[in-house]
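Take a look at this one; I'll ask things after.
Chain naming follows the written order as A, B, C and D, and within any one chain the residues start at number 1.
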Amino acid sequence: MTIAPNVDSPRTATANPPVQPAQGNLGQAAVVRSSAGGPVAENPTALTPVAKLIDVSKCIGCKACQSACVEWNDTHPGVEENVGVYENPHDLTPDMFTLMRFAEYDNPETGDFEWLIRKDGCMHCADPGCLTACPAPGAIVQYSNGIVDFIHENCIGCGYCVSGCPFDIPRISQVDHRSYKCTLCSDRVAVGQGPACAKACPTHAITFGTKDDMTALAAERVEDLKSRGYDNAGLYDPQGVGGTHVMYVLHHADKPGIYNDLPEDPQIAGVVENWKGPTKTVGLAAIGLAALGSVAMGLFSRVAVEPEDERHAEDLVDRAAAIPGGEGSGEGKDA
Amino acid sequence: MNIDLSRRGFLKLAGAGVAATSLGALGFGEAEAAELAHVRGFKLTATTEARNTCPYCSVACGIIMYSRIDDETGKKRIVHIEGDADHPTNRGTLCPKGAALKDFVNAPTRLTQPRIRKPGADAFEPIGWNEALDKIARALKDDRDANFMSLNEAGVPVNRWTTTGFLAASATTNETAWLTYKVVRSMGVVAFDNQARV
Amino acid sequence: MTGRRYSEPGDRILSRDPVSVRRYAGFTRLNHWFTATTLILLALSGFALFDPSLYWLSSLFGGGQATRWVHPFIGIALFVSFMILFVQLVRHNLFRREDAVWARNIGAVVKGDEDRLPELGKYNLGQKFVFWAMFWLIVVLIATGFMIWYQFFPEIVSVDTRRIALMVHSIAAVLTILTLILHVFAAIWTRGTLSAMTTGTVSGGWAFRHHRKWLRELAGRQRTDPAE
Amino acid sequence: MTNSWTDIKNTDLVVVMGGNAAEAHPCGFKWVTEAKHHRGAKLIVVDPRFTRTASVSDYYAPIRPGTDIVFLMALIRHMIENDKVQWDYVRNYTNAAYIVRDDFGWSDGLFSGYDEEKRDYDKKSWDYVIGDDGFAVTDPTLENPRCVWQLLRAHVDAYTPELVERVCGTPADRFLKVAEMIGECSSPTKTMTSMYALGWTQHSKGAQNIRGMAMLQLILGNIGVRGGGMNALRGHSNIQGLTDIGLMSNLIPGYLNIPTEQEPDWATYMKSRAFKPLRPGQTSYWQNYPKFMVSFMKSMWGDAATVENDWAYHYLPKLDVPAYDVLRIFEMMDQGRCNIYFCQGFNGLLAFPDRGKVTRALSKLKLLVTIDPLETETSRFWENHGEHNDVDPAAIQTEVLQLPSSCFAEDEGALVNSGRWLQWHWPGAEPPGEAKLDTWIMAQVFLRVRDLYLKEGGVFPDPIVNLTWDYADANEPTPEELAKEMNGRALSDLSDPADPSKTLVKAGQQVLNFSQLRDDGSTACGCWIYSGSWNENGNNMARRDNSDPDSTGAFANWTWSWPLNRRILYNRASSDLDGNPWDDSRRLVWWDGAKWTGYDVPDIAPTAKPGEVGPFIMNQEGVSRLFSRGLMRDGPFPTHMEPFESPMANVFNPAMRGNPVARVFESDVARLGDSAEFPFVATSYRLTEHFHYWTKHNAVNAALQPEFFVEISEQLAAEKGIAKGGRVRVWSKRGEVWAKALVTKRIKPLICDGKPVHVVGIPLHWGFVGAARKGWGPNSLTPFIGDANVETPEFKAFLVNIEPAAGEAVS
């Protein structure tokens, strides 16, 4: 199956991947935002926003998503050691774009124990902190379907994206010094496939489709959870970052923090905003003005040494030399 | 003279000098034009598909194996394995083991030649198929002829062979299993079992 | 006979007609220009990472990756170099009573009519301000610099701290560049100053007009000098 | 599985006990989440640990390993006491009404007929009262105190919620909540499914655990219906197939049996397999046994099997013991009574209990042949790997031949999934290097042995030289040839019994299915239950039509399932006595006035009148058995038995250790520990990141779960001063291992008989070869004891001790 570049975003992938040459719909033509003033499309292809929905209440923490992610993206996470937890690798790495995080929670209300398992990874924010912070033009782009992708050729490995991200997701490779994170399998989505993790997920805890479809599905799930006594069940689609293209269904949406510190109200840090905003403008302006100002002042005024200053100086030196042993002291001549 | 001094001094302002000249040299960052946005080329393009089922647990998920001819060996090599979306049981999904099947098929610890470990030796050494199979046949014949029990104490024909045992696999095909059954049973082996219990 | 209050050991009258005075030794000048160079390079590479409109500057250093890599190392060079300079110049940059008077008559300074100003030693308050501003800013830059040096110190501080460090680093950088501009401007605006850092000498007239106490002391020491 | 993976979506309640489906069968577990999402189904998990399955459950109850029978019998008691019984089902489809002999009884934890010397029962009394008409006597009112129902009621009376709390350590309120949720499924319109695996089988009374749940399911009317059933989640991709094809010491393909010494001739053998109906008009399908047996003999030995020589009856070995199961084989090996051993795709060194004994036994072999795609610890059992395999190669005289075989990706054929689907697969690559297909290897071994016998003669060569081998290429029989051989074909024209003038099947043609098999030698069939898989319509196992009319979850045209492409066993029981579905929303098979019809292949003769022929046609009774007569060695009802290594004595009979009829070898008695020396209960299990000892060869899975660890509660960790992630030493009477400690809230101490019982969880995926870090398996610690009926090793409940370990981290 060949996808014309103008074909719309896929719904949750139900077909097997193509093996015939397929033309994708993600590329420069669909770029709506690009880091550091990188190139954006004149009038970008209008793709329907997509989303990955992670239903924590269906997740069994099997790590199929991690496995599928590694296989699809050809990364090679190392064999670490066991440190007394289920998380392996122990954190996101440039070779592990997604990670199951396990939390053991004694629910004070019910007195029941709960094992809260959350798939961590890039949230694909509508307002991405990484893109805001990035100093390299075109290193981070946002496509019209909402996918935030790294264009590694343009990445300079400064790590600003790590500081810019409200979810602490990007990781810098110590090998090629470029930043890596979940691409939402942009290469699969481009040809009408869902992300590898969503396709693999055994219990369909991860589903992929248009953001509208996923939001509707989430509502259905929340209703089911409420019927099972999870009164605070809800959808996690934080507006602080303009909403995300990876969303969670949580049984305890009122306490995202209990799912391994999922941020309550994530947003791009104030300092980052300031640094990338006022500091930059004001700073550059000040430098510009100072430069101009001094040049101007230099033109209109100067402090020059007058000839009599030289004479005063000679007198002063001579007089000092003239005191005891004055005449005949030949130091001056020597000079 | 003062003026002279200052002019010379000004021209010696190193930093500015370097900057000025370099800027001229490089057509103002043309070299730094950003690579245009693009996604990774679709990696399954022009691969061959084969339908199979996962060899691990008994859910028997449908999988599709994508292969290419390996330049080195000239043999077909699996480059990717993914769940079969058409399969009624798994609907394209796979567990963490199934999703990584490719690395099982291509594992560095796959065996590629018959090997023998001689009594008391501390290492394997290669052996040819023929030699290995003849060794096995000889050993079987000798042991069977020596220990086959035709009649029991009561004189009832029992035709059993207890000094050689065979442990069958748990992931071979029915067809392999049937052939194995025929071979093992025909010889009268009773110490015959499989992995059903473990 | 008299000790030095306003001058460095190396400072002395070189000739009397016309008077010319040694202000900076060769090493000090080299040190100064090295520091200056690193500062310029840092400014340029820093600008590249600071604002997209200036990203093209990264081409001066062989591209974004190279710029990202080299900037911190130049920073360390600057720090070391500046500190050596600092040790040489700090003594005469300490605050003196006459600096207050000078400050009060800053208007006169700008007009250039120095008769209304007190006689000064080797440095005036303006120069001292530049000296100390540079010192403190560079300290801040090197400290925050390490915090954001992701390649080698990814874990040195928390993400939150790193975010603040990033902002402080850029603000400090801006101030440093402003100070640099002031420094360069003053050097050019006050004619006869540049030679101090190029040839190392100044004219007697320049010394008489801007740093009379310093000149006096040197004049007074002429005889004793050879004994030194 | 009586049902299929896809059928689970039809359930209202899933009970996962004796298994951990989410962990071991994630993609099958999808159908549980599906049922929860779209049917509002509930999930109950009963397990010693709060498992991954429990993490998505609606209700969880802890239980002490090895006490499931108490829990299950208490559930049955609860259903009877609270009238949570599907009466029509129990009355008509079970043997509740059958009258049992007066001399049958139970006391002190033992049934009538126990012989302590033989460690066995005389099962004579465990039977029905047979009337003068030769049929079993019944009392449809269920009033008779000697009827199965009344006996069951009396039998479970002791299993109160209090007993559950005392023995299982399950808080009574938790048990009652579970009982209440399950009770709802006694309604004909509510169904519960049981998903279990080795959590129930790997006990010295594993078969009785399963009996217990099966009885409960019958009482609730959940067998044979959509969304119900007893669903054994098989562990390996084709262990169902290997069992169907009878690769066991005592089996013949299709669950026929290898004769014993007590059956010296064909007639005697057949007499005990006459399977005469125990009630008037019942099918008792096993009456066809001779047809299947003769067809099997013909497929093995063709013309050499004749009516004159009893179909070559003596080509078959006769057993002197119930079975030469792996435990017995390794016991014999250890005694030096075994010389040659083959391990085909099997890693015994890590898979069998008491690794020390396994190593000792293998060291006494003359020749070990391993056939595997991968390196295995077994093929390198003689190699020193420091603490991970501390042996002296020089002292081991076993010769080892390691033969490289193909893997799934390189061969063609069918695997049988847990739902009995035979699914054909195709190769996508070629075996690496000199690796060969398993079929080629087996053919080579056979042909070479046959040639030696033809050349040299030898002891009883007949079964070898006469084995049918009519394959196009003798060196490499093809999957198609072998599959067709199992389906069976006509050896001469088969005439239609209804009209002898018509020929049903021409000589040489594939039979349609086993209904065409004959006992006169005119048909050959390797595995009767697979008959129909590759008939004249072609390879039905390769069918890929995934349509599912009315989304019943049947997928009748997807590949092929045995028997006769039937997807749900006993499906006639999905309708009431008159043949109308119990639940209209879950119609499966029903009587349309003239014949049986529906979404599935009816599990009854199409024209068998409802009300006359019982739904359980494989049983002589025509009904299911709440009382299993003499069919199980350890009792017609399940009764509580402690594990052989247990922290507490059997409450019914403190003197009784483990299963009173389980086989214990002399040499192993001394290797059993007690709770004084080994105070903690250990249980072994899989992790979802790994598959047995295979995926440790895989860099990806090794990264996902790199190193051997054990799981303990925060309380035990505190008590022993064990730190999270610290290194511990775990040892039993049989061996010791070192592991990382995973301290978790998911395991909590249980209070049994007033004392806290700590559980130590031991996953099983590490060894000394592969990509993952070196480690051990639980089998270094487990006892060499099996289930009384099928000898499945007691891997799920044994005793250990644990302490913090100094020194280097593992590997």
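As a working rule, contacts are C-beta pairs under 8 Å (C-beta built on N, C-alpha and C of every residue); 3 or more make two chains touch, one makes a residue touch a chain.
Worth saying up front: this structure is predicted, and the values here are computed from it rather than measured.
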{"item": "Core chain by centroid distance, with centroids computed from Cα atoms only", "value": "B"}
{"item": "Contact-richer chain pair (by C-beta pairs counted) among A-D and B-D", "value": "B-D"}
{"item": "Chain A and chain D, separation of their C-alpha mean positions in angstrom", "value": "51"}
{"item": "Whole-Å gap between the CA centroids of chain C and chain D", "value": "85"}
{"item": "Inter-centroid spacing, chain D versus chain B (mean Cα positions, whole Å)", "value": "29"}
{"item": "Chain A and chain B: spacing of chain centres that average the CA atoms, whole Å", "value": "35"}
{"item": "In chain D, residues with contacts to at least two other chains", "value": "26-27, 30, 688-689, 699-701, 704, 771"}
{"item": "Multi-chain contact residues (two or more partners), chain B", "value": "2, 32, 48-49, 66, 81, 83, 86, 90, 93-100, 103"}
{"item": "Overlap residues in chain C, where contacts from two or more other chains coincide", "value": "55, 58, 63-64, 188, 191-192, 203"}
{"item": "Residues on chain D engaged by chain A in the complex (per definition of touch)", "value": "22-23, 26-27, 29-30, 32-34, 36-37, 40, 50, 52-56, 58, 60, 688-689, 699-709, 723-726, 740-746, 748, 771-773, 809"}
{"item": "Chain C - residues contacting chain A, complex", "value": "13-19, 48-53, 55, 58, 63-65, 67-69, 110, 112, 148, 150-151, 154, 159-160, 162-164, 166-167, 170-171, 173-174, 177-178, 181-182, 184-185, 188-192, 203-209, 215-216, 219-220, 222-223"}
{"item": "Chain A to chain B touching residues, read off their complex", "value": "13-22, 24, 26-28, 30-31, 34, 38-39, 62-64, 66-68, 70-72, 74, 136-139, 141, 143, 149, 151, 153-154, 183, 186-188, 190-191, 196, 199-204, 305"}
{"item": "List of chain A residues in touch with chain C within their complex", "value": "36-38, 135-137, 154-160, 162-163, 168, 172, 174, 177, 269, 271-272, 274-275, 279-280, 282-284, 286-287, 290-291, 294, 297-298, 301-307, 309-310, 312-314, 316-321, 325, 329, 331-332, 335"}
{"item": "Sites on chain B touched by chain D in the complex", "value": "48-62, 65-67, 73, 75-78, 81, 83, 86-91, 93-101, 103-105, 107-124, 127, 129, 132-141, 143-145, 147-148, 150, 152, 154, 156-198"}
